[in-house]
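Read through the structure below, which is laid out as structure tokens, and then see the notes.
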Amino acid sequence: MLDSLLSLLPQILFEGLLLGFVYAMIALGYTMVYGVLELINFAHSEIFMIGAVAGVEIFRSLSNIIHNGYLLLLVAIVVGGLVSGLVAIAMERFAYRPLRRRGTTNRLVPLITAVGVSFVLQDLVRLIEALWHNEFFLRMASVSDLEGSVTVLGIFIQYKSIVVIVVSLAMLAGLNLLVNKTRLGTAIRTVAQDMDTARLMGINPDRVVSSTFFIGGSLGGVAGVLFALQYTTISPYSGFLPGIKAFTAAVLGGIGNIPGAMVGGLVLGELETLAGTYLPTLTNGTIGTEYKDIIAFLVLILLLLFRPQGLLGQIVKEKV
Amino acid sequence: MKKYILVLVALTACLTFAQAQTIKIATQSPLSGGSGALGEQIKLGAQLAVEEAQPRFQKLGFKLELAAYDDQANPDTGVANANRIINDADIIGVVGHYNSGVAIPSSEVYARVNLVMVSPANTNPRITDRNMPDVNRICGRDDVQGPAGAEFAVKELKAKKIFVIHDKTAYGQGLAENFKARAIELGASVPNNAFVGTEEKSNFIPLITQILAYKPDLIYFGGIYDQIGAFAKQLNERGIKTPIMGGDGLDSSDYVRLAGPAAAANTYYTTVAGPVSVFPKAKAFVDSFKVKTGKTAEGFAVYAYDCANVILSATEAAIKSSGGKAPTRDAVTKAVRAVKLDGLTGSIEFDGKGDIKVANYYVLKVDASGDWGKNAILKTVAVPAPKLPAK
Amino acid sequence: MTGSLKKMKTETALIAVCAADLVAFAALKVSPGFFAGIIGILALVMTGYLPVKLQAKLGSLAVLTLVFTLGFASKASGDIFFIGLIGILVVLIRTDRAPVWTKVLIGAAILLASIPFAGFKDTFLFELAIQIGIFAAMAMGLNVVVGMAGLLDMGYTAFFAIGAYTWGIFGSPQAHSFMAGHFPLNGNLMFLFMGLAVLATALTGIIIGLPALRLRGDYLAIVTLGLGEVIRVLANNMDHPVNITNGPQGITPVSRPDIGWFRSALSAIGVPLDARTDYQLFFYFLVLLVIGIVIVVNINLGKSKFGRAWVAIREDEIAARSMGIPMIKTKLYAFATGAAFSGAMGVIFAAQRTFVSPETFTMLQSTTILGMVVLGGMGSIEGAILGAASLTILNIDLLKGFSEYLNELKQGGTVIFGYHLSSLPSQLDPAKYERLVFGLVIIFMMIFRPTGLLPERRRKAEEAEDDDDIPEITETGKGGQS
């Protein structure tokens, strides 16, 4: 079995790449918010889930009207990104900003709030879906022109997988441009450096923070739509694991570091897919696929112990 | 002051006498979360039985009600609910649960007050093998269901290499192990690295790649439809036509919704709750179920209906033997073991440990149309309940 | 509003409180049930907030204890009276000036007489009290870690799991599957295993803490979250190649201590026990005892060298380090202490439930315990207990009770404002949305009252000092924004 598994290596690497792109896009949301506010936005996993649910609902309601699968997907991505971005802004406005206003110095306070926000969002989505369709697990409707596939160099590739890669690359490139070449990007980087100085420079930090949440949130939302497209099933609770893994990816690349988050996502996606596929055979069933989900945690723990600044991060002196 | 109190006491007394005494049947099943659709069927089946029996109980001088509890497929919630149930003196029996992992700890609580539980769906052998006087089930057991599935897989489907997946729950893993043991006895091969458990709900790619490499004749799944739907879909998308086989956990039309008709069509499943179509007597039930709830009745609704009727007929017997007085829990629990009921699902009688004396096991294939009612029955076997293992 | 209350004359307040108590008593006589309970709680709130003299306050508390206890004698559901009793305990703890003997007297009356009395009427209240006790002890443990030392542990339930499995494996036939010997062990060894579990979890705490505690606050949170998940996955998978935890099947039955002596002792004083109440009452007293020990340990820790070092770290880690406080050692000590409390409660949980399975030890549970600490007030011992009581009651009693009530209304065909309740979708069942409620509780507490319901006294003092600065801070905040 190991031989045939080894011959499937290119396929496995490709699947890991797909997963890695999704992680990378979620990881960017964590990294951007952390860069600006030094807050681990624990509820970002729910932003991802909301994007996925929005995507499923668009496919469900519009697949009879829009027959072109690619157009439908475009609509789903735009709507999913917008909905997630807006929820992220609302979350910042109503849960985190009051804390900043009060000038809380305790770092635990916003983090605990984020856990609360995460629970509220999970159950709100559950409530809405229960009343709307009486469903818990939602399935992405299949659209025939996204379902086709090609085999290149022995790698089985679905059209929708190509879409996942193209869209992620476009979003990542767009983000790089936005952060490095626009006024907003400069403002974000300034606020990330020093919020008080930024204020003195005439930048409105609240607006910058809102924009950051919107950008990170919509990236997460688009990742959600792509995740639902690729893996077909989503539930109000399915944000948690991808979320925590994406956070690991962000730390892996060095938190606050945008290229780092991308690299971290890809590395983690590959690692998880490889381990999940090979471990059962290598250990003769002793350590099975069931341990796949804790690999991310083990990576995170080891990494924080030996290279806490991440792969691409720099050591930052603590501010006194 | 005293006079006033006297008047009040008299008033409350009048009210109590004027009101018929209430008897309640509780249901415990997951009403929210992934397996909520199936839990809802259990609740609605029992509800219909209660509604039909209400006039009969009215004549006896009792007001009959249903108390539906949501165990969320979680043992802690099940136990907390059970503690509430045993303290509601009106509840004289429980229909439930759906998950064996929830039923086992919850039934320990019912046992404290000898409150009868009749299960429509719990197939783990340990439910009745604990030999408790108040725990019963009207469905089959996994130590018969799993092997029955293995017989079908090896003898009829001619499967030689089988890949077994389970969901890491008390139910799913137990079923998968029973299946595997019998399949190996019959000459099929299930090596260690082709027996995997997973809690994954969306990304099954690592499993599918292993299946690509192993090239099995059959994939067996011990678990519940909400998890495997996405797996079947992803398998189908990758052009793998290997048939899937599972247990009664797949027996829900929601499986087709999650997998899509094309991916689900290649699925076989064994079940302990026969489809509605095999029970000629269930026709009227199915119609009134549709009218009252707006939903299509599935197998477990019929079984829950029968469970509730087992408790109700035992209650009636207890009322009669006590001369019209309110039945005690002890009396109902005892009466349940003596019940001989010709239910919708066949004749119901319990053995000494609470298993139905003869249980039916069915093998079905999911219909390509996606209409769950059209699933073809490939095989039906009636197997007497295994005896308790000698100590 | 508090200001105007303070200005109220003590005489007026006295009359108001007395009147409220009388009304509560009368209500109980007229219609013993939910309504009387609500009036009793209103009277309790007045007793707590109005400026009455100490004697009057204590007298009122005693009267209300009687009211709530008598409430259990009625056929009505006792939940509301149970909540009332907990409320009395809270007011009692917060009445600083009261002489110790009166506190002990009323407290003992409630804990040793009223609640057992209620439990005999409705054994669910025993279950509720035991669950509150288990969670209160854990909340106090987590309070040491999060509240005192300021280390955010989001996988706290891992230690609970280790405790539960320590006894679950050896107190059941499970241990046969990997070692020779006579299992299950005698149930009386449970007490020994509580000690062993304390050691085992403290040790695990140190092993996990050694690497993890070098990390900054928010990284620590995620790492502990991950470790909590790792322990659950291990418990779920360690049934092969060697069967240690029995995996998803869980372990049952777990032995309990022999309580023949307890039964005969209680029947000697005229309290006959049956199968519904014997172990419940026993575990209730056991949990009370353990909580007592935990409180004493907690208070002493707070006053010790370590307690002061923890607070120093919490307030300013860098300053604390430069003052020569050994960082890792001090943090490890907090981590291990918190873990140990949880381990002991795990053993009790396993024995009381007679069943251990991995599904109990989820991230939701870790977060719930964290929510208890936050709700009560980080660092505050009485806060942790109140937080545990509130969230446990909310979760396993109020939400479910409300669902049952709604269900009855639906079946009874109730119509509210022309709307038939029976057409209310079952998806709106309140018992299904505990996460939503927890989440909202956490968010609102963090935004509006981050010090919790019963703030730590040290923080309360700080807040009073800070009061003058606050307007200034908000001024500059607004100035910067415009």
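Letters A, B and C mark the chains as written, and numbering starts fresh at 1 in each.
Rule of thumb we're sticking to: contacts are C-beta pairs under 8 Å (C-beta built on N, C-alpha and C of every residue); 3 or more make two chains touch, one makes a residue touch a chain.
Quick caveat: nothing in here was measured; it's all calculated off a predicted structure.
J.: Looking at B-C and A-C, which one has the bigger number of contacting C-beta pairs?
T.: So, comparing the two chain pairs, more contacts are at A-C.
J.: Identify the chain whose mean C-alpha position lies nearest to the mean of all protein C-alpha atoms shown.
T.: Of the chains present, the most centrally placed is C.
J.: Between chain A and chain B, what is the gap in Å from one C-alpha centre to the other?
T.: 38
J.: Could you put a whole-Å number on the gap between the CA centroids of chain A and chain C?
T.: Whole-Å distance between the two chain centres: 35.
J.: Residues of chain C that touch two or more other chains: which are they?
T.: In chain C, residues 236-237, 427, 432 touch at least two other chains, as defined above.
J.: By the touch rule stated above, which residues of chain A touch at least two different other chains?
T.: 126, 130, 134, 285-286, 288, 290, 293
J.: Provide the list of chain B residues touching at least two other chains, using ranges where the numbers run on.
T.: 32, 168, 197, 199
J.: Help me check something: in the complex, which residues belonging to chain B touch chain C?
T.: Counting only chain B, the residues touching chain C are 5, 8, 31-32, 40, 65-70, 72, 74-76, 79-81, 83-84, 86-87, 101, 104-105, 108, 112-113, 126, 168-170, 172-174, 197, 199.
J.: Mind listing the chain C positions that touch chain B in their complex?
T.: Within the complex, chain C touches chain B at residues 29-31, 122-124, 127, 131, 236-237, 247-250, 252-253, 275-276, 353-355, 357, 359-360, 396, 400, 403-404, 407-408, 411, 426-427, 429, 431-432.
J.: Can you list the chain B residues touching chain A in their complex?
T.: So the residues of chain B touching chain A come out as 32-34, 36-37, 168, 191-207, 209-210, 212-215, 226, 229-230, 233-234, 237-239, 254, 257-258, 260.
J.: Quick one: in the complex, what on chain A touches chain C?
T.: 39-40, 95, 98-99, 101, 103-104, 106-113, 115-124, 126-127, 130-131, 134, 199, 204, 206, 240, 244, 247, 251, 285-286, 288, 290-291, 293-294, 296-298, 300-301, 304-305, 308, 318, 320
J.: Looking at the complex, which residues from chain C come into contact with chain A?
T.: These residues of chain C touch chain A: 146, 150, 152, 154, 211-212, 214-219, 221-223, 225-227, 229-230, 233, 236-237, 240-241, 318, 363, 367, 370-371, 374, 378, 425, 427-428, 432-433, 435-436, 438-443, 446-447, 450, 473-474, 477, 480-481.
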